[in-house]
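Dropping a structure here in structure tokens format, bear with me for questions.
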Amino acid sequence: MILRIQHRTHFVYDAPAYESHNELRLAPVDGPGQRCLAFGVSTAPASAIIEYADAFGNRVHAVSIHPPHDALAILAEAVVERTAAAPPARTRDVTFAEFLAEDDARSQEYQEFLTPSRYVPFSDRLRRFFWQARPRPTEGVGEYAARAVAYVRDQFEYEPGSTDVHSTIEDLLTSGGGVCQDFAHLTIGLLRLAGIPTRYVSGYLAPVSTAPGNPPPEQATHAWVEALLPGSTWTGFDPTHRGPTRPEHVRIGIGRDYADVPPLRGVYRSHGTTQTMGVDVRIEPLAAWTGGVPGEQ
Amino acid sequence: MLRRIAHHLFWTARHLERAEWRARLVDVHYHLLVESPPRATEPWTPLLAITGEADAFAERYIAADERSVLDFFTFDEANPSSIRSCIYAARENARALRHRISSELWLELNTLHLDAHGWSPAMLEQDGVFGFFADLRDRFYRIAGIVDGTLPRDLGYEFLTIGELLERNENVARLLDVKYHYLLPRPEDVGGPIDLLQWAAVLRSASALEAYRRAYGNAIAVDRVVELLLFDPTFPRSARFCVDQLGAALRRIAAWNAAGPVSRAPATDPLTAMLTIPAGSDVIRHGLHDFLLAVQDECARIETAVFDDYLRFE
Amino acid sequence: MGPWAIPRSSNDQVMLDSAAYETNGYYDEMFAPGLVPRPGCTRVIADLVNLPGARLTELRTRADRMFLRMGVTFNVYGGEAGAERVFPFDPIPRVIDAETWVHIEAGLVQRIRALNAFLTDVYGAGEILRDGIVPRDLIAGSPQFRHAAVGLRPPGGVFITVAGIDLVRGGDGRFYVLEDNVRTPSGVSYVIENRVVMTRLVPDLIRGCAVRSVENYPADLLASLREIAPGNTSRPRIALLTPGPHNSAFFEHVFLSQQMGVELVEGQDLVCVDHALYMRTVHGLERIDVLYRRIDDDFLDPVVFRPDSLLGVAGLMAAVRAGSVAIANMVGTGIADDKAVFAYTPAIIRYYLGEEPILPIVETHLLRDPDVRRMVLRDLDRYVVKPTGASGGYGVVIGPKATYRELAETREHIERDPRAFIAQPVVSLSVHPTLVGGGTHGAPAFAPRHVDLRPFVLFGATPRVLPGGLTRVALREGSLIVNSSQGGGSKDTWVLA
């Protein structure tokens, strides 16, 4: 399917902001089952924008606005083609007993996705949580991964407001509720402690169907995980929805955790103290795409 | 020249000038009181009026007696404009400039700072006032000499000049205003011995008494004092002299611009025009107080322009 | 006894008394066994070492006064008052003959070439990791590996423009590399000021010995910085970024900026506009092409690194990505002086240059290997244990000097997190006759004190090595610690032409 994604971010400042420097990670990457056919980003006020690839291959746009402004609007538009993932080639699920034999080699190659990171510290609480759901030696790795994903979702409420964008897994584990970002982080913790390289994915979840002619419902960015299962490639799981990823999952980028792939990160100067942020994401299917960069507003 | 450096140069000079000015005021006022017959009203309040600090003083001191006022003016660290506070602030600004000013200047400022650290009110007791302020006056003259003798006349020097002259200009206007407006004697006292003593004190604060006598003779007349201190283009502490130098400095700063001189009328032009008036008596007749307020407003406007054009970096 | 007569004791003569001067088997830089002068040292011994004690003490006092007047001080950390002290100076220079220096210089050039190639690779294709020469997780797991530098190609592939490489001479008389410093190495201002002072104290001796000059360093540094400028600017504009007067090396920042004639800036003076770097001057924004930064990566750009940093400038990394400004040293060089990576530097030299290392490194044991770990822990008091980049918060532990409890704690730390440490055998640092006593400290005498050497290597379009470097001397008897903050001092270093 072809999806058109419009991601608007809006800031209002209580006193004019100036010397604003930001990094955007809003451009979907190409990958298995996904091709970004077009992408454009524009800002109001206008800004100098450069693009580069970061250490994880994510597409980054550096946006810089020098003169004072009361508000900042960023519009990112993408046209993405998603195809269903090819079925995995492996015939049987490797057991943990076999899996751990290769632990050394994996810990060298995938160090970054097996060790604690800023939002996923290997705390005592996490270890206890892991212990409750720990894999059995005869259990298949893929089987465990699916089980861990469901386990995380079953233990916690989807509760916007219990945590915020800076919350680590500790906050989720203590508050009992969180959002997709938190579930993703906790799942990463469980899988990493089991020795499975796992990474954080930032992206969108397209609505299952939008009747043509209806305006697309409001969305937001979404977070899930990818685990490197033995004999396979990076396999997507969505902890918030208790299952594997589907063609409706559009990947923007990956990292060790949220810190590596925030949709927007930056600093600005101002004599004021507050900024109000609003985000509006619209995703709609396109019957076809005839080319050209998405229009700017 | 980095804005931050120019900023520190400006403030170093401004704080030093303020400290020196305060020292002059206190010194002269002290001697004025010594030489005057005793008065019924508080003799030290005019000093607070000149600097506009009566309210700040009242917040923490009970009576405007000699000891309290001297303390407030000279030593009080809670008063940001006390002589000690100004010296601290000057040295603090100079510290950021340490590698750009001469070592002699830094040494002098640092030593003055250390000495100010060690000041105590006891130093002013038992006829200590005279010696204390005489010493201080010498220190300021020495600093001026070191600045004059060791600093290259570069862009940075212009900002030192501007800080000093803006402060001086404001203070002359304030001094005149307070004597004229606040200390208005009763009609029968005008021209009387107390009135004349006070005008002589005003002239002494600006080191202008001898210059006055050379120009106008022994008799002190208000309009001539105003003429000397506001309009005389040759006397180094007159407002007119200050604004002329300020304008020249601003023109030189504009000329230093490597991209080409910016053709813009210096912010000092209106004030220069105001101070190019032939007769002090005219101004008095039309309202000296309002005129002096306008001069002070102009100084504030010039400072804002200088900041906007050259100094603002945050 | 040596070949010249050394007067016996008398109250006002300092003597290099063969009976009193005992090197305890350490390699002495100035004297072979039996007080035989080493190559190049004869004149220094005759004209300086053999001076009467009072004269030597006077030279040292004059030197201290000169340093104080010149403002060559350092800020001792701890305390708002920031006590400024003169870095203790010993007037007997350390001499390196020309032939020895050729060897050292070649080894240093080889090292900086290899490390630059390593960084380009590690932040680019990663071939040395793919080929398994250096473990990938060693790099990925180090906080010194800066993700922000991945994919960045600095102009000319130069990551390291300024390096300070610490060398020690072992008991066998060979020079060994103790550690590399390729982030913000400091100390070169002392090298230059030491020479200024010695030139005033003993001008004839310096001339007579044909000592190679160090005064060109600022010009060479400036040339190197110009050579890494992006684009085609004929006259690149350069600035030196300092954290400010409270930094212990501030004197050096001022010194170098003045010597090179470049602006000394702090973070607040800089701003990025449309992905180019400018400084805020009185007359408007002025473009900067090369930023010589003396602040750590962590504080360089609040957008990418620590967001609370006021020392750097927001958007600087984007400007580097845009190719509009070069920074020296480049972001991420810390992975090349990570202590764990150090152990692989001989392999790194072989891999990129296809050459055998000219300068050996001090034996460095990675404690992640269980056999190695066992060996080290068995004799922990014979090793120096250093934290790798991955450790965060631990200090260096010198085995023979540590208390029983310190050793026990170190053992525990190592067991808990072996990847966080490396161990090096204690090197018998060479010694050098150093003036002790004199003045208020009793009769002056010469005593052997441990020294090391930090040469400075520049790399712009080509490598340039400063002849000599900073010889640091541990002033306390038996001490191996040459840091300024812990009782170290310095000597002038004379490389003979």
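For reference, chains read A, B and C in written order, and residue numbers begin at 1 within each chain.
FYI, contacts are C-beta pairs under 8 Å (C-beta built on N, C-alpha and C of every residue); 3 or more make two chains touch, one makes a residue touch a chain.
These figures come from a predicted structure and were not determined experimentally.
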{"item": "Chain whose average C-alpha position is farthest from subunit B's own", "value": "A"}
{"item": "Contact-richer chain pair (by C-beta pairs counted) among A-C and B-C", "value": "A-C"}
{"item": "Between subunit A and subunit B, centroid-to-centroid distance (C-alpha), Å", "value": "63"}
{"item": "Distance between the centres, which are taken as Cα means, of subunit C and subunit A, whole angstrom", "value": "43"}
{"item": "Separation of subunit B from subunit C, taking each centre as the mean of its C-alpha atoms, in whole Å", "value": "51"}
{"item": "Residue numbers of subunit B (touch at least two other chains)", "value": "314"}
{"item": "Sequence positions of subunit C contacting 2 or more other chains", "value": "none"}
{"item": "Complex contact set, residues of subunit C against subunit B", "value": "71, 245, 254, 258, 263-266, 268-269, 279-284"}
{"item": "Residues of subunit A touching subunit C in the complex", "value": "19, 21-23, 48, 50, 52-56, 62, 64, 66, 107-109, 111-112, 115, 260, 265-267"}
{"item": "Complex contacts: residues of subunit B adjacent to subunit C", "value": "1-4, 6, 95-96, 98-99, 103, 155, 159, 253, 256-259, 310-311, 313-314"}
{"item": "Residue numbers on subunit C that touch subunit A, as the complex places them", "value": "135-137, 140-141, 147-148, 150-151, 271-275, 302-304, 307, 314-315, 318, 321-322"}
